[in-house]
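There's a structure below that I have some questions on.
Per-chain numbering from 1; labels A, B, C and D assigned in written order.
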Amino acid sequence: MQGFNVDTSHFLAGAVLVCSFALLYQARLFALLNVFAVQSMMLALAVGWQAHVQQAGHLYITAALALVMKGMIIPGALRRIVQNMKIHRTIETVVSVNLAMLAGVGLTILSIMVVFPIARMAGGLAREDLAFALTIILIGMLVMITRRNAISQIIGFMSLENGLILAATGAKGMPLVVEVSVASSVLIAFFVFGIFIFRIREHFDSVDVDQLSAKRGDVE
Amino acid sequence: MTSLAFALILIVPVAGMVLLALISSYRIGAWLNVALSATAFAGSCLLFAVPMQTDTFFLVDSFNIYLVALNTLVGFTTSIFSASYIAHELEQETLTRGYLRFYHALYQAMMTAMSFALLSNNLGLMWVGIEVATLSTVVMVGIYRTAQAIEAAWKYFILGSVGIALAFFGTILLYLAAEQVLGEGAAALTWSLLVNDAAKFDPALLSLAFVFLLAGYGTKVGLAPLHAWLPDAHAEGPTPISAVLSGLLLNVALYAVLRIKMIMAGNAGAIPPGPIMMFMGLSSLIFAAIMLYRRRDIKRLFAYSSIEHMGIITFAFGMGGPLANFAGLLHMTMHSLTKSGIFFAVGHIAQAKRTQKLAGITGLAKSHPVLAWSLGIGVIAIAGVPPFGVFTSEFLVVTTTFVRQPILAGLLALGILIAFGALLMRLQQVLFGEPQGPSHKVSASSLPVLLHMGLVLLAGLWLPQILVDWFQQVARLLG
Amino acid sequence: MELIVGLFMQGLQMMLVLLVAPALVGLVRKVHARLLMRRGPSIFQPYRDLLRLTRKEALVAKNASWLFRVAPYLIFSSVWVASALVPTFATGLIFNWLADILAIVALLATARFAMALAGMDVGTSFGGLGSSREMTISSLAEPAMLMIVFTIALVAGTTQLSAIAGFMAHQPVGLRVSLGLALVSLVIVAVAENARIPVDNPATHLELTMIHEAMVLEYSGRHLALIEAAAATKLLLYMSLIICLFFPFGVATAEGALGAQFAGIVIWLVKLSIGALLLAFGETVVAKMRLFRVAEFLGVALVLGLLSMIFLFVLKGL
Amino acid sequence: MGIMVVIGSCLALFFVLAILTLLWPGIGLRLSYGATMLLCLIILFCAASSLLAGNSITSVMLPIGLPNVGMRLRIDALSAFFLVVVNLGAAISSLFAMGYGVHEKRPGRVLPFYPSFIAAMNLVVLADDAFTFLLAWETMSLTSWALVMSNEEKETQRAGLVYFVMASFSAAMLLFSFGLLAGAGGAYGFDEIRASNPSAWTAGIVLILVLLGAGSKAGVFPVHVWLPLAHPAAPSHVSALMSGVMTKVAIYGAIRILFDLVGSAMVWWWAVPVLIVAGATALMGVLYALMQHDLKRLLAYHTVENIGIILIGVGLAIAFRANGLNAAAALAMSAALLHVFNHSLFKSLLFLGSGAVLHATGERDIDHLGGLIHKMPYTAFFFLAGSAAISALPPLNGFVSEWLTFQSILASPGLAQASLKFLIPVIGVMLALAAALAAACFVKAFGVTFLGRARSQAAHEAKETDNYSLTAMGLLALFCLMIGILPSFAVDALRPVVGMLTSGTLPPQDIGPAPLTLIPFANGRSSYNGMIIFIFLLLSGGTTAWFIHHFASRAIRFGNLWDCGHREDNPLAQYTAASFSQPIRRVFGGQVFRAREQVDMPPPGDSAAAVFKSRLVDPAWFLIMSPLARLLEIATSRTDFLQRLTIRRYLALVFLWVVMLLIVVAIWN
């Protein structure tokens, strides 16, 4: 039974990771949003499974949070924003997708290298899961820095947070305060993002981050 | 008694925050803000009266007791400065009353969050405190809604939240490391317990945790190359916020890093934090020193100088040993006092000259002698010239480093020297150049500046024994 | 009693120096003229010139300051005092220990300083020209002089002239290379210091080449007389210096018998006249050199001085 | 103990005075300067008494300053002597300022810093722990910088910048050396440092650091660059202090560290770098001074030269002491210390004189002056005395100290090391050259400024300066003469200091053949008696004058100047600074200073004036300073783009940093 639990959590974590790679691969905004939605759902499953395994009821909240907020509301909202603001549907990537994928693989290897020396892990989280979470986080950042527009950066950031939640829920008996803070931070994040995108919309005709550079300070 | 102190520091401001959000008259708001900060300061003074103690959620030891006092003090003086500053901003109509309610409320939120982070014994709570403080400052930085302000706030926000995430992941890892020893639940995040059992933790896990915590909190400290948000956030936000950012938030973040370092120090197998911190500190110092030369915006200039000094402090703590740690703590204190004082002066100067561009600010010695004096003293002090406290700490850092790491000491001195040259060059233009451009009278409240500089001067000549004792205890803890 | 004698000897030397100096100049001129197949003025002409000058009224420029009129006395007295410190016919005179060779050089420097200032006082371009060149040359000559002093002191273990002279006189120094070099270099320095050919030509007032004369252009009457006398005394001083450093044989001692003193005087005079002959001969065969070659000329002196010192170290086996 | 209380309270009063003048600018200038002078005199008296009392040590520890170290003050013979130097100079400068400072345009920017500057210098000399020493040292720099910046001319900006940066460079060097000496334990007290006799290596590094640190403050080539910029920019009484006194405080620092703190580890090769640097400093200083036509800058460069002369003495003392030749070491050290004192006298005198000229004519460029001896006779006389003294002419004081230096050079054959045997005579040659060139330079300075005919209207209308200033200068001139004719007293007064530093002393000065004779060595190798020489000069000059005036003509007639019959009415045809120094510039300038002369002759028939330009650069600039500046320039311009990256790129930085840290961890595991 124990083995089965572990394998399942492995499987789910792996699924989330795969989604991250998919994010890295996507070149079109809507597709990106969809993949992110899927990833969040996978995450929801993973978290739910952890809740089941650890008999930790409060984790279901997190799972639900992930499912509802990240899986549905946010992608929807973002899709609306994209439509309203007539953002160009294809994302200009900085490096070629292949290169990005390659980097992703490299990050995976790195995270495995740093995680494996850990002698023993307690609780529900196996070393592999930790490695997965770490990879997801790193790939999230990679997405942020290889995509040029704000939407995809938000996506990258939130997939990063997915990785966080995966790790957090894996950590057995992590005090409730932590999930609360995660959720709140996600909320605040979304909220402030919203404000900012709105403001930026006020000021410029795109959400392309690079166009902010014109307004960067310290110029004559 | 203790609970009263905590109430004054944490509860009252939160209550006041709600009130501030409702009050529409900015005058009342400003003074309420001052009053709340004053109560917080009073509360932190009360802490000295009660015996130091720790429980699962809060701890008061010689390290944070004086930091809390410092924080609330600077918060208090800043609120006084902010009152006169904001009044002027309203005249200029760069801010509307609606935003001011927001501003004051967030000010209290930030101050409370920082005190909370300082006092909390639970690393998770500490994390929450720091993040709340960060996010509230994000909003305040963007409050002017000019393109530059939004750019700055956006940058601050993105980098900040990535930092948040990294720090949180670090916290998780730390929990995982502790959980094996201390069992599940809150205990595994309670600092006072962790620091005792650090030796038993899994070194690899601990190292990993340290990396992420350093990267996460290091972003807040503004260490190069994680510093990018700092100069713009300082330059584009309201000056009181710049003062608080430089004076307090950076300190609090560094405080978190140091708490972690204490845990690391207890574990032999884990990666030694010292060299990494020294490297980051030194690179920040030299990088910032070089960047100082071509700054055209006076607030950005001093923002980079903050990076520089954070670098020095981090280096000192990375160096370790009783003298270096002592110096680091002293420098932390001196820097926050001096730098916030400088920002007070800069705020008034910018209002007087209607610009932040250095090119537009010259010849203050003739046009605004008082402002010139306060800025001059501030810069001299921050540049590490006696008889001010910064000199004392830099003296200790450099001397003690030279014995152990001559080359690093050389680099350190080089960085300090380069920065010194840049600051001096600017200062000479600003003070002794030919006056030009508009020069309006400002109703500057010189009390805060005088208070800060007076304290720094005093510290340069004489340190109260009790402070010395605390510093030495903490220095020992830091190893 | 011996104090009286000492004072008397000292006074005798100072008087002697003053009396002999013009004759020395006259002799040099005479020989020089003879070598040029001229009859030349009598040896005693300089005395007559001095008397004439002192009797004349002094013509002073309107804008001259007090310095202009004080300088001649200062120049004369410092050169005179300096010459009193150099052993001429006898060593161990009562005032010889007042100062050593360094002080003598410095006293001459004082005289030069005063003269250069006097040259600039009236504010003519020639005066400035003279002062500038004089100071340049002297500043080049001084290091060479010090090298010589150092070499001598190395041998004799003192810088006190009369002590050196006694030392040199009373033990066979032998012909050390170093001393020979030192002698050459000292001669060069002396030539430069006394404004003789090839450094300067005392007989010309050709504007572009004159150095010493350019400084004293504005002087006349008694002031000029003093300066001339000082110049003559300086020449004598340097000759006696060379003599007492390198050819001290036959020099008497202060407490020696009167006969010895007398012999000393005679020998000294003979040496002087030989020196005059050599100087005149040299000035006849050599041509005056360009100002900027003088630097190299004195450079030679300096190098010789250095060489002599090094040789000395080698000989003494370090 | 009592003496320490008195001095300490005087120092406190200095700061009180500063604060008073700050809060209450209405306070009379004359009053505040007078008060400063009074305080200086009190300290001077205490210090002199303790110096004459022999090597008596008084020390006190105040509970301020560095925690657990405290502020330790100590008076021994050395500090007593330097206290005398500092406060004598300061007192007289204040006296001068009582007349001169009244013309200050912005007293508010001078008055508060002047007393604090003096106090800081005193504190440096008194300090007995590293922290207090550096605290005072930096305060000294800071206050003098503020005084320099009180001048509002354009080039002052650059001067101030260069000065302060160099000052903190020197502070950093000293910081290193103290760090090295104090050790990781942080034993900053001087007595602890003395007790821990350092290894030869440590001491060697300390020597280099001190040469750089104290050296740059004193104006040692090639770290002297700030000095000729900063000293002239300050008000003249401050220039006098900076040149005459502050550089001496730097020398004090060097002596204190090298001879006292690490003296136990002294080895002979220390003398080599010190002597080489000293010789170069002396020569470069005077050569550069010769090229100047700005009076105050010329004087500043002469400070560099004299620092070189002092350091020659110090270097010789090191060489002799390391070889156990205590008598010679004592001689060299007395020479150095006496020259410290002398230089503080005549350099202050000259700077005050230049101040008087500056105030009377508003000119610092001597090519616009001339003929001032008629307009300001007393100033001219005193300046002449100073010039003669600094040119080492008997019977004045400059000669005495240089004579002693030469005497100690002549003792060098006694040394064991061949390298020193050969080096020291060469240094001697450099010294002689420097002295001779100094004479040339001051003929130029005095001649062009005071003699000849006025070259400008300002010089034509100059008035004699006020009595305070004249008194100050007169006193200094008197001191110069006194030391010159009574050197043996000065040398006797130095005895305890020298004994403390070199464990040897000069022979008692009364063994000479006559009273007041200066005897460098007991075995009577050579001697000098300034007094009798002086009397002798007076007598011979007097008798000559008397003789001529009685037995020859005393008639005098005033006419136009002759000048070989040229009739030149244009005073601009006189020799100027540039033309005076031309031969020397031709001889040395070409190689050393890259001196370039350029003459623009108008075409024939054109009556326009011909223009002569001579350009030269301080080698220290084109060899060291400008490359550094260029380096910094490049660094700043190359890195500036980092301020203007896009957010994405900044994120990339963060990302890369995290990855790097992870790699580090991976490697560590």
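Keep this in mind: contacts are C-beta pairs under 8 Å (C-beta built on N, C-alpha and C of every residue); 3 or more make two chains touch, one makes a residue touch a chain.
Note that this is a predicted model, so its numbers are computed, not measured.
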item	value
Partner chains that chain A and chain D have in common	B
C-D compared against B-D, more contacting pairs	C-D
Between chain D and chain C, distance of the C-alpha-averaged centres to the nearest whole Å	35
Centre distance in Å when chain B and chain D are each reduced to the mean of their C-alpha atoms	44
Centre distance in Å when chain A and chain B are each reduced to the mean of their C-alpha atoms	31
Centroid spacing, where centroids are CA-atom means, of chain B and chain C in whole angstrom	78
Multi-chain contact residues (two or more partners), chain B	154, 158, 162, 166, 204, 208, 231, 295, 300
Contacts with two or more other chains, residues of chain D listed in rising order	643, 647, 651, 654, 658, 662, 665, 669
For chain C, residues contacting two or more additional chains	none
Chains touching one another, given as label pairs in label order	A-B, A-D, B-D, C-D
Chain D-facing residues of chain A, complex	94, 107, 110-111, 113-114, 117, 138, 141-142, 144-145, 148, 153, 209-210, 212-213, 216, 218-219
Chain C - residues contacting chain D, complex	54-67, 73-74, 76-78, 80-81, 84, 95, 97-100, 102-103, 106-107, 109-110, 112-113, 116-117, 120-129, 131-133, 135-136, 138-143, 145-147, 149-150, 153-154, 157-160, 163, 205, 207, 217-218, 221-222, 226, 291-292, 295, 302, 305-306, 309-310, 313, 316, 318
Partner chain A, residues of chain D touching it in the complex	643-644, 646-649, 651-652, 654-655, 658-659, 662-663, 665-666, 669
Of all residues in chain B, those that touch chain A in their complex	122, 124-125, 127-128, 131, 135, 138-139, 142, 145, 147-148, 150-154, 157-158, 161-162, 164-166, 168-169, 171-173, 175-176, 179-180, 184-186, 188-189, 202, 204-205, 208, 231-232, 235-236, 295-297, 300
Residues on chain D engaged by chain C in the complex (per definition of touch)	370-371, 373-374, 377, 384, 388, 391-394, 399, 403, 406-407, 409-410, 413, 418, 421-422, 425-426, 428-433, 435-437, 439-440, 442-444, 446-448, 451-453, 513, 517, 525-529, 532-533, 536-537, 540-541, 544-545, 548, 552-553, 555-564, 566, 568, 571, 573-575, 579-584, 586-587
